[in-house]
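These are the structures, in structure tokens.
You will see two complexes here that share chain A, one where it goes with chain B and one where it goes with chain C.
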Partner chain A sequence: MPSSVSPATSASRPSTDLVARLSSSDLQVQLKALRDIKNQIIGNRTKKLTFIKLGAVPAVASVLADAFDAASCCASSSDLVVQSAAALGSFACGVDAGVRAVIDAGALPYFVRLLSSSDEKVVDSGARSLKMIYQSKLAPKYDFSEKVNMDFLLSLLNSENENVNGLGAGIITHSCETSAEQKVLCDNGVLLKLIDFLEGSISQRDASLESLASVMKDNTEVTSKFVEYEGGRALNLLVKLTSERSTRTRLLACACLIIIRNVSPGYLKGKGIETKLICYLLELLEEPGQVGDEASFTLSSFIEDKEDLQKLAFDANAIDLLCTHLQKDLLQPQRLEGILLALAHICSRLEVCRAKLLPMQAFDSVNDALRHDCADVRAAACMCMRSVSRSVQNLSAGFFMNEKIVLPLLQLLHDPTLSVQLAALRAISNIVVDFRTRKSSFVRWGGVKQLVQLSMSMNPSIRSNSLWALKNLTFDADNKCKEGVYGELTASSLASLIGDPEPPVQEQALALVRNLIDGSLDSVQYVFAEDSIVLDAVGRQLQRASTAEVGMQGMYVLCNVASGGEVHKDAVMDQLLRDTKNSSSPFITQFLQSNDSRLRTASVWVVVNLTTPSCRGVSSRIGKLRNAGIISQLKNMVNDPCLDVKLRVRTILGQYMTFGDS
Partner chain B sequence: MSLFWIVIRQLAEIEAMTDLLQAMSKKVITREEWEKKLNDVKIRKEDMNKLVMNFLVTEGYVEAAEKFRMESGTEPDIDLATITDRMAVKKAVQCGNVEDAIEKVNDLNPEILDTNPQLFFHLQQQRLIELIRNGKVEEALEFAQEELAPRGEENQSFLEELERTVALLAFEDVSNCPVGELLDMSQRLKTASEVNAAILTSQSHEKDPKLPSLLKMLIWAQNQLDKKAAYPRINDLSTAKLEDPSV
Partner chain C sequence: MPVRVVESSAPSQVSGGNSGNTCPQPCTLLSVGQAFSGTQNVSSLQKDEAWRVNVRIQGCDLDHGYLCGTMEALNVPMADTPVVTFWEGEIVDTKNYTFFTGKWEATPEDDIRHWSKFPSFSPLQNQVEADGGKSLDLSNYPYIFMRWKELYFVNVGTDCGLTIAGFYYVCFSCSDGSINGFYYDPNSSPFQKLELKSTNEGRPGFSFSAYELQ
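For the complex of A and B:
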């Protein structure tokens, strides 16, 4: 055989020979080669990849095709069918390249045809191999809306063969995503069939649990049908399965109940199930292998964004337990990631949880994980850091602003993986809020330089998140720190970031300017530098403000500028009234009519500062505001539903009475 | 399932008895009274038979199971042919023919080793142990490098086990070295029972027979009762002889 893989190593030569023998005309030689390949690749990822590179998959697929056509006439062909289907199934198990190769080799239709064989072994091999394919994201999506497909699926679920049932359930788990798909499955009786399987064999039960989760996820209609089925019988079955012997079943049953809880908390209320679920999942963490790995992710999906459940987890001693696991040696990356994520979620809202985790020795392991080889682990460690650094108490104490924590995070800003970069930025955003005392250390470690570099990134999320961090850094900062940020960033970059095409970037850039010029009068000068390039950019962005958030941040910039002297106030007037000769009304009039009370508040504050009685030129400014129709707009707002707006409007009108009419 | 209820019923009866006894602390129950009570407990023959069949099937006594099926009419909850296959795998590991065992498992169900990395590793490790046992040093080294080292890269704890196994090569007298137990028969048995359990699970069958759990429950129930009464106790499970209380 012409060797395309050269130089052949001692290990790959026999492999090449084996692949060559697949096309032998002697059936026995073929069969022997197939069995050899199959036995070499099962359980062995490296061997799978080697054989895939050698082109074994199309070769095996063509053996399957030939043997299938001949299978009716001789028994050895049926052996070839079983062996080749098994080999292809194994190529597709756990290796994406294998799944792709098997699909590309056109083997799927043959697998389907194997299912109608009269030989049970042939049926099993076809069903298993298809199941492997459907466990991969790369498998083609199954279209449930076609009647033929639905009929086929129902025939799989109604089959007497458990492997075939498992395949049916696997297809549902793989392809059921939208609520329309969930509905059509439910309407065709799939839900009831799956409920039946809950009382079937171990494999039917587990397959059913997975499919039920995808059929019910975020779907009120299907979930309530399940919950109300025969007076709650299905739900009770599910609860019972959480204490099954098989740990896999327990985990899947927990995951299914969590799906139900996430659709509506009411379904499980008053049963004390929530605490039990947390305890079961914590117990399952002890399991070796996949079940233990997945338990922490399932726990995360349960408590994410739910303060009440985070409290329950805390009470169930989850932090201690998770930390015990965290400190074990030789943790697999996936396990470590899961534990870190679970800790991140528990600590995301509640101070008691953070207060518990921070002094623990295990917190060092979180810190170490920032340097882990696996990107997912690094990202999870960052998320954990982000959650704990929400603790205002510890921020005030400067707990996080030290080399041990900040330096590895700064390093992650250059991580090759985007998700890690973003997670690190979000953690840093919290840490730099640090109240004043140690912000200079951050500048000294080169943090500002790096954040500024990232604010020029091609990726909009990186840009907005790095600006977010800079914004937090400049919050309540001293002039030296602000000077550092402004000097690094420069007025012209700041102006172009304000004019960024992406609204979230605009919003953060404006918020950064707002913090930069907050406080002392000196810092207001930043927006006037280089011919007022920044202030102009603010005014221009406000004119076309695409979101309320952008408008609000921009108005607060103007508000801060307007808190200065006469020059500053007049400059703000110019921005407010720019281009009003052409367009009908100034942008502030639209903002004052916004449904968003935050935007109305910000806008009213600008006018408050512009009409301060003690400052020179107030009557002229009031006159201009009146001529632009802004005063009459404010008069319509004396009974604004937002109390803050209502009070400020009355302040302005009071100031207007004093000076405006004179 | 009915077996379970019988045990529960028995336990409930013992509990009821216990309640009765609680008033007079440590009541003595004579053998006569005790046997009378036991006689009142009814157990269906079919349930007993199912228990026996479950034991034979799970432990893999296929010929006995077949005979028992014919004599008692009890249907096994699994295809008896699969037991033969499972036992062949188990036996192959026990005899040190690991490669043969792996091929047999793969014929039975290719998913088992493809989805169970720990079991796959243990089988490969056993293969390595057998090579070392047979003095095939070069082959062992090559096998460790080609087949096992990649698994170690995927999983830290496998790497540790691999290092422990390869350490066998470093000793002249393996029977006396710190990792010598890897060469024991017990290591083969351990691997064999791991394979056995995995095959049973893949066949939707519980991996442990029910009989031992019932006996465990019996001992637990006796221990509970001991606190409250003296009664004829079963001490030797193999004879199930009632022994008079030592009062």
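For the complex of A and C:
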């Protein structure tokens, strides 16, 4: 019987030679070459890629095919089958190029056929290799709606072989995504089988937990079946598994309970599980390797957008613990990303959390992470900056507007990765709100120039987010800052952004104009420059406003213009009544009837300003508004359910009775 | 043709089955960016004195009953420059905050004594005395009651000879944006009155800016 080669010998043997030996007619030479290759590539990504480049995968697949056909007649062929299948599985483990190569080499049908072998070792090798494939996103999607596929899946789950069970569960984890797929699996008894596995071996339990998460995710019907199963027995099993010795099992059980909680908070209420889950996950952060890496991501999925759970995490000292980990040396990128994301989520809503993190030394590490080599880490650091910069108190104190924080964020606006660019833009959007007179620093650092450049991007998200940042920058800004933005952007670009094909871009462009012309009355002139190109663009966009938000921002632009003198008010009248000669009603009439109270509010403010008694020309404007049917529409709104609208309508009708009805 | 405006803004009591929102509704005159100016009467037995005051709203989060901004006192005798403070406000919404302060050395009696100085509080007083106003529906009431507490001096040191130890009982009128308030500090002159009106930077109309945090 051949013995395995020592690593030293195997390492020195040229890889090309080993691949060549796979084609040998001598079965023993083939077997030895397979074992050598397998030993070299296990856990070694570089070696895997080297062998893949040398064409090793099709060669091994060919050995598998030949050996499979001959396996019934000799033991050596059976060994070849096991070794070649194992080698292919190893190529596919954790390396996408390997998965693609194994699929391209046509090995999958052979793996499936191995599962029917009478030799348990052969079955194991086939199941393990297929499982490796199904752990990759590149694996083909399994169609559960085909009866033959479902029968095959059930046969895997009902097998006596644990590796085969694990494969079945792995296929579910990989391919179950839609509610229809979740339902068909549940209807065919898969849920009950997976519940059975919760009391099985470690490998069955872990595989089942991962599959259960896929089958229940966002699905009320399946989740309630699980929760109500035998009076809550399955749920209790799951809770018990959170205290298992195996850290992987604990993590997976936590993830599964989080899926259940995310479907309906009521399922876990009154059990005190929520706090325990947070504490378990914080404990698991201590673990090395994958479990510790994933624990922070699982924690994030639990607390994301849930203020009550963020408070529980805060009470459980999560910020201190996460910061302790954050300051450890040589953190792997995935772990660093997970910790930053968890901090971002904890600080996303509660000021008490931000107040805790900001003075900590660990906040410097968040700042340092903006310059990390890994794009995912940079994006996560930006998200953390975005969360903490939601603190109005700190914005008001000018905490964020300094070179140390802003300059690296500005650099990330040129990041090659889109998600990093967007994350940086969102953080900058918050920081530039800065209520102190430090907005000029942002202009000086070239921030306006960069944001304006990005507002011309081909990507609509980049366009709308850069305009969002400019809008926040111009909020409550002095004339110099506004001039800087307007001068860089120009009236014609602004007009074209207002007419952008994407509503979110239109909305932000209009909101930017709204802020530009607030404050001193001189700033209203921005919309009248270049033959009123901006004001005309606003009027045109309001006529075809596709969303309430676009309508609302546009009406506030008109409101702010109408807060000026007679010329300004008359210009707004022209926009309101444009194209109404052919008996179509003005857009404001539709806005006043909108279901969105914010749009109605913005619209009534425009009329409040147009009918201000102390301003010249009011009688004429009131007459035109009455003739256009706007006054009669307002009379129908004296009992508007929105108090703000009701009070403004009352003001308008009071002004109307003074001047318009004479 | 003019129509009669229906008066229906008296606060109502929440019935047992009312599951709607009973918190004050958003009001554009109390939104971010809005500015107010007026005076704070700081008269003592020795002399009559009033400081000119400017207020600007910087943050508003109705879900959490939160408001914040800056307050600028202009002709403070012992200061060379206008004194700017940052304050945070609690909006009495019966959900996050009630009429009873429960801190800052204010007893329920102090609370009632100050709230009852606002004429718009009188329709609420009985209910507030009965249950702190927890069962009041303030969603259609045209006044918003708040407490403003100054947190720090923005442009002067704490050694400026001024104190921000107390807090303001505040009543905002949704109709015209006027603000009335009373400063409460057991160690200062009682009932220092704050009177502010909505300003529009000299414009003959109302102008609104906004920011949104991401």
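Operating definition for what follows: the second predicted complex is superposed on the first by the 646 of 662 C-alpha atoms of A that agree within 3 Å, B and C clash if a C-alpha of one lies under 4 Å from a C-alpha of the other, contacts with A are read in each partner's own complex, and residues count from 1 in each chain.
Keep in mind that, in the parts below, a residue touches a chain if its C-beta (ideal position, glycine included) is under 8 Å from a C-beta of that chain, and two chains touch if they have at least 3 such contacts.
All of these numbers come straight from a predicted model, not from anything done at the bench.
Colleague: Should the superposition on chain A be reported as showing a clash between chain B and chain C, or a fit?
Modeller: Fit.
Colleague: Output check: A:Arg245 vs chain B and chain C. Expected answer is one of first, second, both, neither. What do you get?
Modeller: After superposing on A, A:Arg245 lies in contact with chain B but is clear of chain C.
Colleague: Determine, under the contact definition given at the top, whether A:Arg128 touches first (chain B), second (chain C), both, or neither.
Modeller: In the superposition, A:Arg128 touches chain B alone.
Colleague: Using the touch definition from the top, say if A:Asp476 reaches chain B (first), chain C (second), both or neither.
Modeller: The second partner, chain C, only.
Colleague: Have a look at where A:Gly94 lands relative to chain B and chain C in the superposition and call it first, second, both or neither.
Modeller: Only chain B is touched by A:Gly94; chain C is not.
Colleague: When both complexes are superposed, which of chain B and chain C contacts more residues belonging to chain A?
Modeller: Touching more of chain A: C.
Colleague: Which partner does A:Arg386 contact after superposing on A: first (chain B), second (chain C), both, neither?
Modeller: After superposition on chain A, A:Arg386 lies in contact with chain C alone.
Colleague: Roughly how many degrees, to the nearest 10, is the angle at chain A when you join its Cα centre to the Cα centres of chain B and chain C?
Modeller: Apex at chain A; the opening toward chain B and chain C is 110 degrees.
Colleague: Which of the two partners, first being chain B and second being chain C, lies in contact with A:Gly519: first, second, both, or neither?
Modeller: Only chain C is touched by A:Gly519; chain B is not.
Colleague: By how many Å are the closest C-alpha atoms of chain B and chain C apart after the superposition?
Modeller: Shortest inter-chain C-alpha distance (chain B to chain C): 34 Å.
Colleague: Tell me, which parts of chain A touch chain B in their complex?
Modeller: Against chain B, chain A makes touches at 11, 35, 38-39, 42-46, 86, 89-90, 93-94, 124, 128, 132, 162, 201-204, 245-246, 288-289, 329-332.
Colleague: Across the complex, what residues on chain B touch chain A?
Modeller: 102-103, 106, 109-111, 113-118, 120, 146-147, 150, 154-157, 160, 201, 204-206
Colleague: Hey, which residues of chain A end up touching chain C in the complex?
Modeller: Residue list for chain A touching chain C: 386, 389-390, 392-393, 395-397, 426-427, 429-430, 433, 435-436, 465, 468, 471-472, 474-476, 511, 514-515, 517-521, 556, 559-560, 562-565, 569, 601, 605, 608-609, 612, 614-615, 635, 638-639, 642-644, 647, 650-651, 653, 656-657, 661.
Colleague: In their shared complex, at which residues does chain C touch chain A?
Modeller: Within the complex, chain C contacts chain A at residues 1-3, 5-6, 8-9, 25-28, 32-33, 56, 58-59, 68, 70, 86, 88, 139-140, 142, 151-152, 154, 174-175, 200-214.
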